[in-house]
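Both of the next two complexes hold subunit A, though its partner changes from subunit B to subunit C.
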Partner chain A sequence: MASFFGEVLPVISRAVEDEESDDEFINPEFIWKPSDDSGSKQFSPNWLVMAVGAVPAGFLQCHMELTNSLGNIVEINDSKEKTIIGFYSSTCGKVIYCISSTYILPDKLWCLVQKVFEVVHCGENTRVCLLDADTVYNYHTHSIAKLSLPFLRHLKTSKHPDVPDIDALSQPNMAKGLTAAVMSYCQLNKIAAALYICYTETVLPDAATLLAFSKLTGEEPFKTSKVPKEESLSRIKLYLQSPANNQTLYI
Partner chain B sequence: MSRYDRAITVFSPDGHLFQVEYAQEAVKKGSTAVGVRGNNIVVLGVEKKSVAKLQEERTVRKICTMDDHVCMAFAGLTADARIIVNKARIECQSHRLTVEDPVTIEYITRYIATVKQRYTQSNGRRPFGLSALIMGFDYDGTPNLYQTDPSGTYHAWKANAIGRSAKTVREFLEEHYNADIAASDEETVKLAVKALLEVVQSGSKSMEIAIMKRNQPLKMLEVDEVEKMVTEIEKQKQEEAEKKQKKAKGSAT
Partner chain C sequence: MFVPCFSDETWDFTNSTLVVPAISVGNVGQLACDLLIHNLNLQKIGYFCVELFLPLVANNPFYTSNKNENSLSLSTEVYHSSTQQITVIQLRSPLVKGKRQTFCEALTQWFKALHFKELITLSSLHAFERSDSQLLGQPFRYLQSSACDPEKFVEFGWSQLEQRNVGHGDRVLFMPGGGFTKQLYKMCSEENIPNVVLLTFCSEGDNIPEAVTLTQRLNQWKSFSSKLNSWNYPKSWSHLFGNEPPKEIF
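And now, the complex of A and B:
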């Protein structure tokens, strides 16, 4: 293309034929793989606790009795299976814990959420508790210097009772990812649900961040299933020594 | 913000050097280190990093000597720490050869800070993602504790902390440090241990304490010495808590 000043500019022609897009959305395939003991029945717990991310998952593994593995939701991709969410039940059987440390693409979230609620039936009295974590640098506030880390913020559905001890997540901060999708589902289906987001200095698990949710351990559903303090400390030590968490970049 | 945070040599319109600020965030990813200066002793305490099963523990060190009378604890990028320590060690020996005197703590701190600052003003480089606590005794017997950060600034401190949860530890030190503690060697060491216990979850096994007294080389405290101190401190805390409870009951009745 020649410009007004006589120079020739490279311009891509807009006169092209629209080809059919090859990127058609294909419904992701999530299947429920029960463990040997649980079978393929639907679960109807009093509490559903979902931990999404390394820090909430580490918190549950170090502080809670996750005795019985119920199964996993796996994603089938090119005949390969990838575990997305692991399901565990508490000793009393009234609480189901879901742990997910994998990043899930936004366009797959809704299918995954529907799969979760196919496996777990939430009745009128079922409560959902979601745990998520983020770095404090993604938290928008005027006075970040006044905040002592880590700190919790909550969001709840309209059916959930008030959460008095923990501040609500204020605008313009937002919940994202799987926990946000589950909250939306719960709000639409009138399920009592609360999401607790912990803002920490770092999203990599360390001893301090693994204690980040300890404010919740005095309440249900964590009160009945938590392990003694000495055992949780030794579990934290083991968890941090695992190869996935042992990185040598920082000292 | 993204237009001004890629090149170290570019200021943002509101005067930030984002790469330097990001380097300071890298420091917070390192484990905690605390330094306390007494009248006759200087103490460095660090949170020991968990070591992989097949890893040689002696090669994972957060406290390094730079000369017989100077040592340093650091927090941040491991590789950057090794470069700075090597440069500082060479400078310490070069100074001895040139002027036939050991470096003062201020001199070597200034040297390290100058190196760091140079890296904040050069194209094609990035700042060191490292903060350091440098302690030791000058030849006149004065104890010193200095802190440097990625921007290249340095200051002298009576007590300070760097790394993860440094703010919590610093607040503890501000509350508890006083002239009486500085006058006693034992209390100075105890203060460093207490400050670390604020953030280290698994007690004495996750700490390393180094002390330096006048005209003596650096001494790393043995594990059982640290454990004994931690037990004493926890006993004291319990006694104080019981006293408070009794007082509260007494005033209630």
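And now, the complex of A and C:
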């Protein structure tokens, strides 16, 4: 083939020279930064609750006591640190809450999950509860007009007991991202885990979506560390007034 | 590598045919594996190299009743039938960047360690990359490694994938859009593993017809089931192209 510059190349065409070369795997660097001097101490809670995304994070911040910060998992990239997951413990100390509102590249998720379970040891009796949210436009069903928004669906690992009050996520719907990575890890390691996905009308949290997860507040582990109703309502108001969660175009 | 669903179960894969889809254009290989698993009623027995693929979870894609609807499915799963001597690894998401070589090595090691009979790769290539001679006739092609019987497909009248002339009389395998097909094929040839690649040229779109053709060709060769004149689609194939438009808008 003669290229633009006239030399003869031993390939058919420049456009098809690359047969999907496999890029090099970049090993991301995640490190644990404790809030106190606990160093590399491993936590062994009864419950691990992980909220991924703005809506689940908003729910935990508005409904739960998250005063005791344990530390963060940060990503080191070009000598810059970026907080990926914040860890908090409940007042009783038996529940660890993790909050992640940062987008993580899918290729890095397995390394991050490995780090989470280095920090938190999940034994036979540990239960994992994952909270995620997605827009209803990504929900596949024959009767989308009949659904009242927002609504919850769940997935569970084979070790987890049945979840009677919330419908299962029906095929062909699926979960991806960090919550899917944690669920996969739990299924492979025989850990009881359940994922609750809230399908919403908007990407950012509003009052209705922040209340969608409240179905869970009557259940363990939330019922032991939830704040009183009046307190959570005033927190929701404050949360929605903050510029980051305000949905107008004119901030 | 392989994680069984139930740790107390053991499986004998000797003489079993291992089928793997390539993550290739139009996901034809993956769709064909869905058809095989669903129609041959294969049993899920475990997971294979889950950490090498992008994470994805859902409920059972092959459910037939409320009983088996809510069991968790991961990105890569292994299905097996000892009576039909077939094992299928279904891959539902792309490989993590840079993990292609690791996956091919893990697969060939597992193949050898468990004494599978042969490895079949179901794949597809970009239709727009066909040479002039490939534009005519059927888009279906096959390839077989040196460890296979060269006369195997003569009776079916199948066409072998043509090699590309790259000048100076050199001819090479050219498989654009085929994902790890070529790498796995080369590795199998080097390791003396019998590997047959069944593939079709196609474009992205509704690739169900290509998947059905590929599965029919495989069944023509292996005769897994004589009853399979028509293939039932799994329920997970509903909404492949999104939701239907709501009736309220009209």
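Following the convention adopted for this analysis, the second predicted complex is superposed on the first by the 223 of 251 C-alpha atoms of A that agree within 3 Å, B and C clash if a C-alpha of one lies under 4 Å from a C-alpha of the other, contacts with A are read in each partner's own complex, and residues count from 1 in each chain.
Here, a residue touches a chain if its C-beta (ideal position, glycine included) is under 8 Å from a C-beta of that chain, and two chains touch if they have at least 3 such contacts.
For clarity, every value in this text was computed on a predicted model and none was experimentally measured.
In the superposed three-chain model, the partner touching more residues of subunit A is C, compared with the other of subunit B and subunit C.
Within the superposed three-chain model, A:201 lies in touch with subunit B and out of touch with subunit C [touch as defined at top].
Of the two partner chains, subunit B is the only one that A:211 touches; subunit C does not reach it. In the superposition on chain A, no contact is made by A:68 with either subunit B or subunit C.
In the superposition on chain A, contact is made by A:169 with subunit C only, not with subunit B. Of the two partner chains placed by the overlay, only subunit B lies in contact with A:240; subunit C stays clear of it. Only residues 8, 10-12, 16, 19-20, 22-26, 106-107, 109-110, 140-142, 144-145, 155-158, 168-181, 183-184, 187-188, 195 of subunit A touch subunit C when the two sit together in their complex.
Of all residues in subunit C, those touching subunit A in their complex are 3, 5, 47, 50-51, 54-61, 63, 69-72, 74-75, 93, 96-101, 129, 164, 166-168, 170, 174-179, 182-183, 235-240, 242-244, 246-248.
The part of subunit B that touches subunit A in the complex is made up of residues 25-26, 28-31, 49-50, 52-53, 60, 62, 74-78, 81, 164-165, 167-168, 199-202, 206. By the touch rule above, subunit A contacts subunit B in their complex via residues 137, 148-149, 201-202, 204, 206-208, 211, 233, 236-237, 240-241, 243, 246, 248-251.
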